[in-house]
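Here chain A shows up in two complexes: once beside chain B, once beside chain C.
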Partner chain A sequence: MAKTIQAPLPGTFYRAAAPGEPAFKSEGDAVAVGDTIGLIEVMKSFTPVVAEEAGRLLAFHVENEDAVMAGQPLYDLDA
Partner chain B sequence: MAERSFEVVKPGLATTVQDLGRPGYYHLGLPLSGAMDRFALIAANRLVGNPDGAAGLEAVFLGPELRFSADALVAITGAELPPKLDGVEQPLWTAFKVAAGQVLSFAFLKGGARAYIAINGGVDVPEVLGSRSTYALGALGGFEGRALKAGDVVPLGAPTTAGGEGKTLPPDGRRPAQESGVEIRVLPGLYWHRITEEAQAGFFEDTWKVAPEADRIGYRFRGGKKLDFVPRQQPFGAGSDPSNIVDSCYPYGSIQVPGGTEPIVLHRDAVSGGGYFMIGTVISADMDLIGQLQPHQPVRFQSVTLEDALTARAVETARLARLGELI
Partner chain C sequence: MAITSIFIANRGEIAVRVIRAARELGLRTVQAVSAADGDMLAARLADATALVGPAHATKSYLNKEAVVRAALESGCDAVHPGYGFLSENADFAEMVEAAGLVFIGPKPETIRQMGDKARARQQAQAAGVPTVPGTEGVVADLDTARVEAARIGYPVMIKAAAGGGGRGIRVARDEAELTTLFPQASGEARAAFGDGGLYLERFIGRARHIEVQVLGDGERAVHLFERECSLQRRRQKVWEEAPAACLTNEQRIALCLSAVRLAERVSYRGAGTLEYLFDDATGEFFFIEMNTRIQVEHPVTEMVTGVDLVRAMIRVAMGEKLALRQQDIVLRGHAVEARICAEDPAADFRPSPGTVTGLTLPGGFGVRFDTLLYAGYTVPPFYDSLLGKLIAHDDSRAAAIVRLDRALGELVVEGLPTTAPLHRALAADPAVQAGTVHTRWLEEWLAAAPLAVPLAAAPLAASASPTLVTPA
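Presenting the complex of A and B:
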């Protein structure tokens, strides 16, 4: 069943560890509990967005470097 | 383990012990520290029967998860960060009971930036220079001079008053987080003449957005036009950039604009001096408001006179006095 995972905190969302590096996850990838999906930058620190549920990543709701609010949909997971 | 305490299960993003701060040492380079939203901390303390200056927790953007070792009375104020007790949502701006063994956690932030967690008896860390506030940059005060970490066991003081469960601050006495139309009032300062008339006007006309790196030290803004400086030969002792001055004291609330590009409002953990010109100072009545701004939130600065600033301060004082009647 598809479910939407929300951003835990506000900031800037990144899909890769650094510019030019491969994305942590792409649409269609398998996700295991503990996998890093992206990073949220706020107050000079990068907080990993870590999967708390396993499944298949269906689609991202935000682009790389988008501003996100806490609670904003980040990605859909087929759990 | 202390007689009354809580254990940090999850620390949140940067949860620190704060009281009303450590004034009197800024000339030695030690900032005020203390709650970024003082009104919210005072309200939370009053709700649980603590003195205004009792130490509580400041949680920013992401709430912690805390397991209590003893019964306690807790109130959450400030940001709209909905508290949960063993998973059951609890009201904000209201004192609720926590039984020994229960876990306090939080849902996602809905508005504002910083929530204050007051616990009856207060957080009982040692006072450093008259305050329990954390100054993390200086590794001073608070719990071991740093933000809380998972596994910390934080001591609580003995409650001085009994009961108070269900005490609440009515909505018209609270300050809800503003999502749009935020205006921050500024008194232009000593170095106002350093920028051109066009830059002076542009600073107040432009919409600025909170930069994600804004923190307790300074709130950085970007998105407005670069400020142009009046040409001059830099005086002896000033750096070569036109935004440099001969080193000066930085007041709490002062707005420096390094390179003329991104204004930074110095807040509770600020450095006390340096060589950047300051456009002016945010009035004291609006400093709490800044502590509740989220990254990317649009704001405008508004120019006021000293008289306006003092009137606004009187309004704030009256609002605090009204807390006594409401709680």
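Presenting the complex of A and C:
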């Protein structure tokens, strides 16, 4: 069943650890509990977005380096 | 060159500061804004705003092309870069000038020269400014290292030439340790970086961060005395003062004149700061780098000298010669600045953006608050956490700290935690009051006596004096 995971924090969303590095997750990838999905930068400090639920990543709602607000849809998971 | 209108290529409290100086000079201001900053205080105060891109700074405030285009399209004839962002980007300064605009700051070549640590060190040495003693290149072998270390003076740092960010550094207190550590360090450097090259540098265990403010017009330079910024966390300054109370008057004069020599040698134009390490144990000072821009902590200098630095840098950019002579600049009293940030000191300084639901500002004699805050403002999560700088000025250092604490007690920011409780605890700390601090002091103090949860709510008396042994 597909469900939408929300951003836990407001900030800037990153899909990779650094520019040029591979993305943590791509659409279609399997997600295990504890996997890093991306990073959110809040005032120059980086917090990993960690999966609390396993499944298959269906789609991102937010592009790399986009602004997100807390509670905004981040990605869809087929749990 | 005549200036009628300044484009402010920055945000936050420094943008507000520049708008105020510009307005007092009768100049129009256009404020750069990202998509997330349309309602910031500087945008409200400026005569006009210009969108430079989306929230992410690399696409807005750091986007050189977008900033120059916005400055031209908004009819400005000058650009003030503030601090951070593009303020020390020589390519940006060149683009601004190539577009026929005045860059309010040094010449691009000066930014490039002083931004290169090796070139800046050479210029300093040529101007007779002391630099941290060390080898000029890689040390060939242990025998050479012994000779060089004796010349430099123990303790020495053994650094991997290919290392960086503090990696591959060892400290030898004497020749016996050097003899043991040098071959180890070389082997480790070869394994870690593929290059066993090492160089040596004097290790300063208890250093203070002292910096000298200068103003130049491209020919002549003056100093506006020094600041001490030893209280730092993660290499970020937390609390700054002017002057540096630890210096004797002789040391002060030698330090400040060395800064003028270097500024004049590089034909410095505008406001700049020369950073030094001061070794308490020996009384020596060593130039480390120059910041070719206005700095966050400039207000403490303004308070003790009475010189408006931002106005002065705009006037020099307009082509005026420095109106100040060195003998006109005198120290009056002492000023202390607390950086108020949107961070929770009771939760490991977690960033805390959010909406300011209520605000009471401090005031009164000798108190200045340079801030981006207003009631109802939502502090965005995309940028630096600095909310404002609370500055207290009084006749003496002790009185200035009392005044700062009084003002901190008046400041109420509702809706988000700030670092104000940290500053109240610092103001009450015996080591801070005695001024016996160094650049690692604050992190050691926080590790030994973390700001407990009650601090945020407790009155000063209850939060005072964390149980920490004062460093000698």
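Going forward, the second predicted complex is superposed on the first by the 79 of 79 C-alpha atoms of A that agree within 3 Å, B and C clash if a C-alpha of one lies under 4 Å from a C-alpha of the other, contacts with A are read in each partner's own complex, and residues count from 1 in each chain.
Keep this in mind: a residue touches a chain if its C-beta (ideal position, glycine included) is under 8 Å from a C-beta of that chain, and two chains touch if they have at least 3 such contacts.
In this text the structure is predicted, and so the values were computed from the model without any measurement.
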item	value
Chain A as common anchor, with chain B and chain C clashing or fitting	clash
Which of chain B and chain C A:59 touches, first, second, both or neither	neither
Which of chain B and chain C A:71 touches, first, second, both or neither	first
More chain A residues in contact - chain B or chain C	B
Which superposed partner A:79 touches (first chain B, second chain C, both, neither)	neither
First (chain B), second (chain C), both or neither touched by A:6	first
Chain B versus chain C as contact partner of A:44, first or second or both or neither	both
Contacts on chain A seen with chain B and repeated with chain C across the two complexes	9-12, 41-45, 67
Chain A - residues contacting chain C, complex	9-12, 41-45, 65-67
Chain C to chain A touching residues, read off their complex	35-36, 54-56, 58-59, 342-343, 350-351, 353, 380-385
Complex contacts: residues of chain A adjacent to chain B	6-12, 41-45, 47, 67, 69-71
Residue numbers on chain B that touch chain A, as the complex places them	13-14, 60-62, 108-110, 212-215, 294-296
